[in-house]
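Some structures are shown below for you to check.
Two complexes come next, and they have one chain in common, subunit A, joined by subunit B in the first and subunit C in the second.
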Partner chain A sequence: MDTTTNDLNMNLFDRVLDKLCLTPIGLAGLILLLILPFIPPFNQEYMLRWLIYCGFIAAMSVGFDFTAGFINIVNFGYMAVAGTGGYTSALLVLNAGLSPWIAMLAGGVSSAILGLVIGMISLRLRGIFAACLSWFFGLAVMGLAIKMVWLTRGPLGLRVPRLFETESNFPFYFLIVILVYLTYLICKWVVRSKMGLAFQAIGQNMDAARTSGIDPVFYRVFNFTMSCAIAGVLGGFYAHFYGILTPDMMHTSKTVEVLAVAYIGGRGSLWGGAVIAFPFIFLMEIVRSTLSHLPGLNLVIYALVLILVMIYYPGGFSYFYDTHIRQPKNRALRYFLNGRDA
Partner chain B sequence: MSKHNMSVTLTWLKTAPGLSIVISIAVAVAATIDAGPYLLVNMVVTGGMLALVATGLTLMLGVLNIPMFAHGEYFMIGSLTAYYIFTPISEFILEHPDSWLVTFGPFIAIIGALIGGAIAGVISEKLVFGPLRRRSTDNWVMNSFLLTVGVSVLLINLHQLIFGADFKGIVGYWQGMPISIADVYVSKDRVMSFLISAVIVALFYLFMTYTRTGMAIRAVSQDITGAEIVGIDIEKIVLLTISLACALAAVAGGSLLFMYPSYPTVGLEPLYMAWFVVILSGLGNILGAVAGAFMVALLKVITMEYVGAGWDFVVPSALIMLILIFKPSGIFGSDVRGVLDK
Partner chain C sequence: MIVLETQNLTKKFGGLTAVNAVSMTINQGDIVGLIGPNGAGKTTFINAISGLNPPTSGMVKMFGKETTGLTPEKMCRLGLSRTFQIPSPFPKMTAIESVMTATIFGNPAGKSDPVAHSREMLEFVEFPMKETVVAEQLNTVQLKRLDLARALASSPKLLFMDELASGLSEGELKDIMRIIDKISKKGISILMIEHIMQLIMAVCNRLLCIQFGTKIAEGPTQEVANDPKVTKAYLGE
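Up next is the complex of A and B:
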């Protein structure tokens, strides 16, 4: 856990970087993501489509990790929450004629309300029971989306206008990269403040946290509401990118996808999931499309990776990075990996 | 009947288990009078199956502290095994209608499912849970939960990869006229599947209560260190528990093959329902799980009858969330503690 240091010998660049919660390597990664669609194999539309999906999962996994990695509660209905945001946004655009951009934010608000409710209900439960409760909640919401045919057209799906009027995927790609970064930045800012400490204290030992004067009720509900709001906005993006929204999006298996990426990336790091999602989901999409005569193979690999990581390396990629890569002998390299304050 | 017994019964009736059992019986009777006895039959058959799956889940949670998300997949393994055993048998029966296999063939398939489930349980303990237990015990509940999520995705997609995604079902186990019970015609398969589940649950209860091994299992579930001190071989008990729990789920899948044809995600519905039961009835309580299974089955059947098909996730999960808000430890009690409890 790094705290903001007001060190006087930091130059302006370092200070800006620190405010933006980036290390030089993080900045390099972000720039790489931004120029990626101009590099030959990735500049085709179908590749971009995959990359956008990677970005969506990356942003979702950051929001997911904000709850799972800090207050240690797995929100098992996370995709259902995102779907609520997506449906709210789509319905507002279709029925009230709102602009998709405002509707996306409205989707975030509706998901935040849902998160508030789940957070309040699950207050009395711990660990696995809170996870189950959010799971049941997700199932119920998905059931509603399937059965309220007059509103959502059920399994047929809604046709939703896209955010940009073009056929091209380029603007969507840049938007999702910005959204991934914004999600990370907001979560990181909250986590860096005193609140982050309180979250971790609650996640590690609730009784000890309460003894030290932390009110778990406020922090848990706040955490839930915020991560659900993020999911809602992202769900709106999903709806307005694919242009079609079915209740399938809310399925538990989708949540499992986000969860797997978040955990393989490393819990409690926020950036781990975002970093892992791009190569990992991209590879899975390649496997899925090239070996299409073997349906389900990508998910088998997926599950195997999740199982192996959970057994042999529960810290995930971020733990590996912190222990093996982060502290090289070379000073320039160390600056590149850590920024000034290391 | 003495006066003392009466007052004991009355106080029991005022507690949560008493109240809920009485209310469910009343609701079941009322619905039966209103809609016809087939409702009761459906409830009993579904409840018997659920009791098997939920008992296994309770066992895993109570003894090993594993919140099993993959339990439905052992149900799937059971139905798959039974299908591949019973298909040749039914072909043989077609040619030789007088052979002894007409009566006993289905039993072979169901016992095959039981054995298949037990073997699958042993394999997953050796490959997955054992290594995790040897490597880490901190944050065990959450880690093992995520591990079972991986196992679930893995098994579902292996099924799809190897056996295909189509429905592998049978017309029925036992041919012949339906049996008439109180003016309702119930197919032989349903009667038999209920009988099988009743016998197995009863045997299981007796096993847990009266045999040395059953007592050892209960001892491990109460206090693992204490059990080790008295000389119980933990590894053996753990292996036995997992194979028992998986076998229970598999036998449910095998005996219900005529209702639920085997396909990759067949296990999800029993899984959801079994989790409803476990959360509703509290943990580590076998009799509670059996009672809870019939309650959830009643809920499901009544929802299907009065609200409509497809709502059977929405209404039960909403009701269970309501129950959890007021009684976080489930109706039959367990030691789950929430934020608000002191």
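Up next is the complex of A and C:
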């Protein structure tokens, strides 16, 4: 929790940045993301599609980290939760004629309800057991999407109207960048409040947290529900961007992509995954497209990188950044990296 | 005034009776030492009272109100706080954040300035490091101080200390005695599990000795320490 937020000496720019949970370098990064599609070679449509996928994984990893990095429960069914939101949204548009924008939010609500259920059931479980439970829930939901052919058309997939009625990917790109930032901002706001302290306490030492007066039931379920709601909205975006929705998107291997990015980015940082996702997933997409005769190679690379990070550098990128880059001697540079409160 | 009272408190794990019908009272201002050989059920006994491991049967009363089986977070707000045998505050949090957790969530009065109150607590236990140090970088002695500050931050009326002094050097023992004395002067009653007789004889006014989960002696310190049953429990026949 920040204790220096109310420093009156900060000027307006710094105060706005602080409220927006950004450092100057973070703002620069965000601006870079917004002008990226105008810079060759990124202005090509297929590259843009990759970047949109990067953005999707980035936002998902923030929502994932909100649970994994704070209350220390790895939600192995995270993509299935997102898929639930995606399917809800798609079905509402197809069958009830709702606008995709509203349907996306409804998707968030449905995922939140699923999250509430998983959260309540996994309440008594710790660590790996809660992870397994969420994983099985994910598999069950995916199984439903495959088997309920009358509703979801099973593995054939649903054809879903896109959010913008244009062939171009540009508007989608800007939307996902906004969604990445919004996800980060909302999570960061919650984490900065008293709640963040409670989340961390529960995640780091349940017994000490309880004897310190924290009611784990409320905070765990709240955290889980919120992170699932985020996944649901993003799942809606996924459905209305690709225009086709198959149960494949709920697969555990997709969750592993999110998990890998969140862990490599650094657990408990929120921003680490979002930053790492763009270069990392982009690289993976290049690998996948150039080595298309070796399907699944990207998954092998995910696994390798993840294992290496977990064993040799469990802090991930954010830890590396905080310990080696964040405190340079130069004052201007330090301001650029930290904002005013350093 | 009676702060805490247990009546026939029993805790069973399957067929094993870890705590067997222990009745005791703690009066306002008491520093009670809970002694007994390893595995006697001392920690289980305080876990049963504080709610981490609810009792199988029996009754717990705090300030005359029944609190049997209440969750630890409720007990905390009623004024019961505790430290842990293996001191384990929150490993990734800074010292001040660890203490703020208990200040914000455990303090029934609520504090208008949790940072200042937490800082005060760290000073009170004479925490030797900077408040921004991350807990996982601390050694056992420092962690014990931090855990004590966290336990005190919820402004308890009764404090359980689980082997706070084990593994301390002579000098550190003196410091801890002084701190225990300060805690007691604040009007906080104390129940401490301890093996170091030197400390017990110096600070406790009453002792409770349990063996195999059963109470074998209770009373003024000298009396219990000289009780043949107690010496036998420790030294054998």
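In the analysis below, the second predicted complex is superposed on the first by the 339 of 342 C-alpha atoms of A that agree within 3 Å, B and C clash if a C-alpha of one lies under 4 Å from a C-alpha of the other, contacts with A are read in each partner's own complex, and residues count from 1 in each chain.
Rule of thumb we're sticking to: a contact is a pair of C-beta atoms (placed from the backbone, for glycine too) under 8 Å apart; a residue touches a chain by one contact, two chains touch by 3 or more.
Only a predicted model underlies this, so the values are computations on that prediction, with no experimental measurement involved.
Contacts of A:220 after superposition: subunit B is touched, whereas subunit C is not reached. Of the two partner chains placed by superposition, only subunit C is touched by A:208; subunit B is not.
In the superposition on chain A, A:194 makes contact with subunit C only, while subunit B stays out of contact range. When the two structures are aligned on the shared chain, A:294 is found in touch with subunit B, with no touch to subunit C.
Between subunit B and subunit C, more residues of subunit A are touched by B. In the superposed model, A:146 makes contact with subunit B only, not with subunit C.
When the two structures are aligned on the shared chain, A:167 is found in touch with neither subunit B nor subunit C.
Subunit A residues 216 lie at the interface with subunit B in one structure and with subunit C in the other. Those residues of subunit A whose C-beta lies close enough to touch subunit B in the complex are 72, 74, 121, 123-129, 131-133, 135-137, 139-140, 142-144, 146-147, 206, 216-217, 220, 252-253, 256, 259-260, 263, 294-297, 299-300, 302-304, 306-307, 310-312, 314.
Interface of subunit B with subunit A (complex): residues 67, 128, 131-132, 135-136, 139, 141-143, 145-147, 149-154, 156-158, 160-161, 165, 264, 268, 272, 275-276, 279, 308, 310-311, 313-314, 317-318, 320-321, 324-325, 328, 336-341. Residue ranges of subunit A in contact with subunit C, taken from their complex: 1, 3, 194, 197-198, 200-201, 204-205, 207-216, 268.
Contact residues on subunit C toward subunit A in their complex (touch as defined above): 50-52, 71-73, 75-77, 81-82, 84, 88-93, 96-97, 100-102, 104-107, 115, 147, 150-151, 153-154.
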